[in-house]
Amino acid sequence: MRIEEIARIVGGTAEGDGSWEIQDVAGLDDASGHHLSFVEGQRALERARASAAGCLLLPPGMILSGRRSIAVGHPKLAFIRAAQALRPVPPPPAGIHPSAFVAPDAQFGEGVSVGPNAVIEAGVRVGEGTSLAAGVFVGSGSEIGTHCVLYPGVTVYPGARVGNRVVLHAGVVAGGDGFGYVFAEGRHQKFPQIGTLVIEDDVEVGSNSTIDRGSLGVTRIGAGTKIDNLVQIAHNVRIGRHCVIAAQTGISGSTIIGDYVVMGGQVGIADHAQIEDNVVIGAQAGILTGKVVRKGSVVWGTPARSLAEFKRLYAHWAALPSLAAQVKELARHIGGKR
Amino acid sequence: MRIEEIARIVGGTAEGDGSWEIQDVAGLDDASGHHLSFVEGQRALERARASAAGCLLLPPGMILSGRRSIAVGHPKLAFIRAAQALRPVPPPPAGIHPSAFVAPDAQFGEGVSVGPNAVIEAGVRVGEGTSLAAGVFVGSGSEIGTHCVLYPGVTVYPGARVGNRVVLHAGVVAGGDGFGYVFAEGRHQKFPQIGTLVIEDDVEVGSNSTIDRGSLGVTRIGAGTKIDNLVQIAHNVRIGRHCVIAAQTGISGSTIIGDYVVMGGQVGIADHAQIEDNVVIGAQAGILTGKVVRKGSVVWGTPARSLAEFKRLYAHWAALPSLAAQVKELARHIGGKR
Amino acid sequence: MRIEEIARIVGGTAEGDGSWEIQDVAGLDDASGHHLSFVEGQRALERARASAAGCLLLPPGMILSGRRSIAVGHPKLAFIRAAQALRPVPPPPAGIHPSAFVAPDAQFGEGVSVGPNAVIEAGVRVGEGTSLAAGVFVGSGSEIGTHCVLYPGVTVYPGARVGNRVVLHAGVVAGGDGFGYVFAEGRHQKFPQIGTLVIEDDVEVGSNSTIDRGSLGVTRIGAGTKIDNLVQIAHNVRIGRHCVIAAQTGISGSTIIGDYVVMGGQVGIADHAQIEDNVVIGAQAGILTGKVVRKGSVVWGTPARSLAEFKRLYAHWAALPSLAAQVKELARHIGGKR
């Protein structure tokens, strides 16, 4: 693909030889003469100069004389678009592998791909262009939308509803039993786990993450939300749209998360909490049961506080030895005066 | 099922039309006219009034005039019992799926169900009524008791012993190698991992949790203990009976846990610790190596302390800015008097 | 195997009847007359006296009169060697199970074992003596070295390179997509995840751990590094040689870890951090974005500090109530004098 074609696709302006052929994308350090790379921020300028990339996506106003480049408003986004154009994802090999077990009444859209040893139970519906990889299990009555990718070994428990363009990475368990018991007569008696799981469009879930279905109601993951590896989402949690949840975070039962919430890794949110829209939660933070975190706040620590307050307390904490020394000195001084 | 039948099953007293037909259970908000629901605590009273449920399980003394109801000592437990009666779990489809690989000398009780692509190695014994779902792997010499359910993709390493009515959710790895090395000659040399794993009766383990077998001795999970998703239990850990362990908790090697212990999510317990009976450990708490947590205590934080002490220290911590200001004021005052 | 043979293998000196037959290894408490056990440290001396073991590996200078023993410099290491000799691991059953799906152009070394339902895609190369257990998935173009063991249900995404003698336990997902998005136009747009994963020789990875491949460059796990269960390693992380990473630890994108680094469980390391050689990180510690932890330091807490500093601050924190009381008393005293 010629540079001028890429410039047109990403909506940018080519500098230098626009007919130069680009074959692939690469990072600045790994790129060679027929690679496209991108420059993000002034700090990357030196690496850009040293890069062998055949063409660079540059932010407006940045000039690299003597280099082929494309000036564009958002070089990293342009890089994504260019990568999509240069590396079209081949459609999955349509058809059902002979070793897959598909219930007679399962309904498949056009171009569905079912890999070796996959198991599709009764009443399942799968939308067009969806790929169910080797060893995927989809339990009875579940619905999977169009153009989804379920990687090897994904388990979808019965009755889940998965939207369109959803990606579930290897080992994800979606729709498992919630963890609910009533302690009576000396033992833990299992509360009915008969609710559902809804995963909306454009959600991506990382490897080996687990999402339980509702105990009575629904567990819901909103459209566009991205979930990293080894994340745990409990029964009846409702997550809004376009959230980002980093690895190993855990969200307890019945907690409600708004839209555009961002969580660092290893965050823990107790049950029945409420995280409003646009909240940012720092890595390893802990949110207590029933806590409400207000719209747009940035919180940190366990129990979580506003980042500003956390930093202030943290500074006082780090200064404790000096405070203690000061108190000792005051006491000595007063004692001496008595 | 008529209300009067349900009342008899749960040991309660029906109010209103006892012949009314109930078809299913549901939460207060989702229930409709032929659903049974339950009321727990006075706070749910308003929701109960607004609920369309055809019958409500009520605690003693609570009256909802004009509504069909069943008065019962423990409405939530009664709800569990009613759900069991209204939604009998169908027995798994007995028999071995033709695609499963079962060693010739494996011994199966009556009514065992083996799903597609399951692999059952030599010398395995499986008790009656147990269901091994699609893709389950049971290593050589393992024993699985009666009426267990192993969900898709569970791996049981060789030589494990699993009791009766045990539930292992999708992706559980039971009996893997412990993490033990001896550093010598510049590298980590693997210590023999030749012990066993015993999971006693009525244990339930959540999706993608991992339980290692003993290195030389045994790892043991006591009867009735319930373990959530993504929990890690290391080699030679011994857990007592009827414990509850929430998601993403990790228990290190050789730690001993008593009976009726409750752990929140993301708890970390170092090696060789001892958690006595009836201890409660708050979410994200950390227990140090070799620590003994005394019977019945409630602990919090890292390193964990009694909840009372933790709260006291936490209040002081939160008041640090004011303490520092006070010290500054004292110093100024004394300085001014000099 | 006779005691004198074992003594020769471990380079130790037999005491007592060297012709006594040893059949297996065992821990001190479980050993019987034809078992070999070992004594580590003086504290184990009493347990050694009480042990029924037929022979004991003893540190130099420790004497147990009347007992068969082997004196050796490093009894625990000698125990490892003896276990290897007494319990040779049988080679995997060479050959491809008829139910496995192996691409026609996959290349296998001698003695490769492929279990039931394994899926080996196009262009994969597997070295001699490697065992791919039931249900293992190896994506197109991946290379697996010699004498590796991939346990049931391991998923290797396309294009990964795995060295020799690597062990991946059940449920490991190696080479999955990194978690990288660009927020633009109101949603999270996926950054290309087109890099690679390299796992060097002698690495062991615990059950259900996840290791993402590089987004553009490489994720690398250095030779001899040992990783426990449920660990998350993000895209572009580079880990050195002979590290030990305990369970449920998470390492964020582009972080660089040196050689011989030791991490406790549930450690969280943010992105772009740098952990130099020989660092020790305490369990549950948190390392901030971009932080550099200097060679050989021992760090603790969140945000992590040197252990010495952490202990000092922690002691002050625990003494806060008494400090506050002292300040109150000073204020009262001064007030009284005014």
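A few points about this structure:
A, B and C are the chain letters, set down in written order, and residue numbers restart from 1 in every chain.
Quick note on the criterion: a contact is a pair of C-beta atoms (placed from the backbone, for glycine too) under 8 Å apart; a residue touches a chain by one contact, two chains touch by 3 or more.
Keep in mind the model is a prediction, meaning the values are calculated, not measured.
Both copies, subunit A and subunit B, contribute mostly unmatched positions to the interface they share, with under half of the numbers common to the two.
Rotation relating subunit B to subunit C, from a C-alpha superposition: 120°, rounded in steps of 5.
Taking the mean of the C-alpha atoms as each chain's centre, subunit A and subunit B sit 26 Å apart. Multi-chain contact residues of subunit B, defined as those touching 2 or more other chains: 99, 117, 135, 153, 171, 208, 230, 248, 266, 317, 320, 323, 327, 330, 334. Across the complex, subunit A is touched by residues 99, 101, 117, 119, 135, 137, 153, 155, 157, 171, 173, 176-177, 179, 181-182, 184, 186-192, 194, 208, 210, 212, 216-217, 230, 232, 234, 248, 250, 252, 266, 268, 270, 286, 302, 312-313, 316-317, 319-320, 323, 326-327, 330, 333-334 of subunit C.
Those residues of subunit C lying in contact with subunit B across their complex are 25-27, 29-30, 74, 76-77, 79-80, 83, 87, 97, 99, 115-117, 133-135, 151-153, 169-171, 202, 204, 206-208, 224, 226, 228-230, 242, 244, 246-248, 264-266, 283-284, 317-318, 320-321, 323-324, 327, 330-331, 334.
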